[in-house]
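Take a look at the structures listed below.
Two complexes follow with chain A in common, the first pairing it with chain B and the second with chain C.
Here is the complex of A and B:
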């Protein structure tokens, strides 16, 4: 049975990009255009992985994360965000509350997204190849 | 001597367990010949950028070279060692 991924993002281009990335993969993708809709979908379907945008109108990523964690303690939830300290203040607060989440840097190429997803769902994978540093 | 960095997001119980499991794995399998630096991306996003980290958790094996990075679920210790090129070295 294929694994189910939920993508929660208010940007239709991002939702489309995720859907296209996994189109020919072993994974089934559902999308939600808001935190509220994502939480509703998670009430009726057990997802194996959730990608969650941080900045959304209405219920933002942090609020959605708290709701999703109350329903499911174990599903991997990846906050999709740029790696800037200014975006992390609210996440620090969530972390101090012991709520589990991980981070995916935005933007990410379809190839890297697919590799990272395989690593999350199937076990660790090498990414970016190996190289000799100076 | 292996030089390893582990990038994590925050300090949830699951993250703390991941750190403990990896320390146990490296201690057992690398004969304790390693240094492990834990970096919280929430506190130090620039370090993550410098090491080209795209997601958490990520392990970066800096030395011996070549540098390798792995992402994902680290519960399978054998797979972690193999992905990092630490098998039969």
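Here is the complex of A and C:
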């Protein structure tokens, strides 16, 4: 069964980027255009990996992260953002509350995205930031 | 009777003369200003106690000696008296023509203004320091405003750039290599990656002023240098400048505030590029040398150089040799403050028409930095 990835980002082109990059991969990508929609989708589907934007209208990434973690303690969540400094205090408080997440600085190249995804979902080793396929 | 009257008158006259002499000696001896009588040959004929104190010599040591300063009647001039085993005295001298022992002479009145001068110098230094700090603050506020603007724009660019990178990648994946468009797509990818780099560098630099309390960290100077050179790549290429620099292995790691030292590198390289605008040959040489407790980083250009009379002032705030609108005159003053803050030293050697060398001395040991910073 293919693994499920959820991408939550308010920018349609960023969502499209994720979809295109994973198009021919073994992974199924679902996208959500807001924090609220992402949380809703996570209620009905169990995702293996979540990419989450921070700066979004309505429910922002930090709020969405808290909601997502309440539903699933283990799913790897990557915050993909250009604005982590703006959200530094909020992220720090989330971290203090024991909520686990990783940070990825935008722009994330397709190569890096694939390397991280394969690394997490397949437990592969990445060398020098590039996924080495057999 | 007549004789008796004469004796009484003479005695009275003698008394009056003595009193006048006493008064004269009191005025001269108790005067706080030094008084020196100099004859027409420039020889000292008389000194009062205040003058003797000024020189730190007794009257008999001064009398008969050459005065040694030129005598200008009617003008008050400032001069420095060199003394034995004491710092020199700064005095204000005014001269009047007098008759001394029936000869034409000069009376020099010397007022000790050493303390006043020292206070004035201290005040001047404090004022200069205040001016420097004020200008640094103004510059820092300006940079902070620019930094916020740049950071905002750069962050907004990150989303579309990420999309472009992924779209090109998709197109590359679905285009056969023989297709002429394939290489063009590769070029688009390369250029987009360049944009990503530029934006990253802009972000790094825009954070410089905001992060006033930046921590010291041990960093490779080569990485910083490459980042700055990348940021200036357009200018370097456009001006056709050759940059010679040591390989990454030759460049050491140094304890520094990353953004601050980057700012210094950027400033010095920008200055070098400005200096070579009209040069026939254009070359920037960057060298790093290990000299005991310090690393010496040299930025040398073969540009127009700095005129000799300007070189003392190039680190002064607001001093600029660039045309209006081209420089604030703050760059080097800020660079010097930054290097000072690292316990280092920034110096400049220049020969007009041949080029300029800036040398940064950076302490190897963090302990030295801390001590120097105190």
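The definition used in the following text is that the second predicted complex is superposed on the first by the 121 of 134 C-alpha atoms of A that agree within 3 Å, B and C clash if a C-alpha of one lies under 4 Å from a C-alpha of the other, contacts with A are read in each partner's own complex, and residues count from 1 in each chain.
Going forward, a residue touches a chain if its C-beta (ideal position, glycine included) is under 8 Å from a C-beta of that chain, and two chains touch if they have at least 3 such contacts.
Quantities reported herein were computed from a predicted structural model and do not represent experimental measurements.
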Residue contacts on chain A - larger count, chain B or chain C: B
Touched partner set for A:110, first chain B, second chain C, both or neither: second
Chain B versus chain C as contact partner of A:46, first or second or both or neither: neither
Contacts of A:83 with chain B and chain C, given as first, second, both or neither: both
Contacts of A:13 with chain B and chain C, given as first, second, both or neither: second
Touching partner for A:23 - first (chain B), second (chain C), both, neither: second
Partner chain(s) touched by A:120 [first = chain B, second = chain C, both, neither]: first
Contacts of A:102 with chain B and chain C, given as first, second, both or neither: first
Chain A positions touched by chain B in one structure and by chain C in the second: 83, 108
Touching residues on chain A, where the partner in the complex is chain B: 78-79, 83-85, 88, 91-92, 94-96, 98-105, 108, 112, 115-116, 118-128, 130-133
Footprint of chain A on chain B - complex, ascending: 9-15, 41-43, 45, 48-49, 52-59, 62, 65-76, 79-80, 83-85
Residue ranges of chain C in contact with chain A within the complex: 155, 158-163, 165-167, 169-170, 173, 193, 196
Residue ranges of chain A touching chain C (in the complex, touch as defined): 11, 13-14, 16-18, 20-21, 23-24, 82-83, 106-110, 113
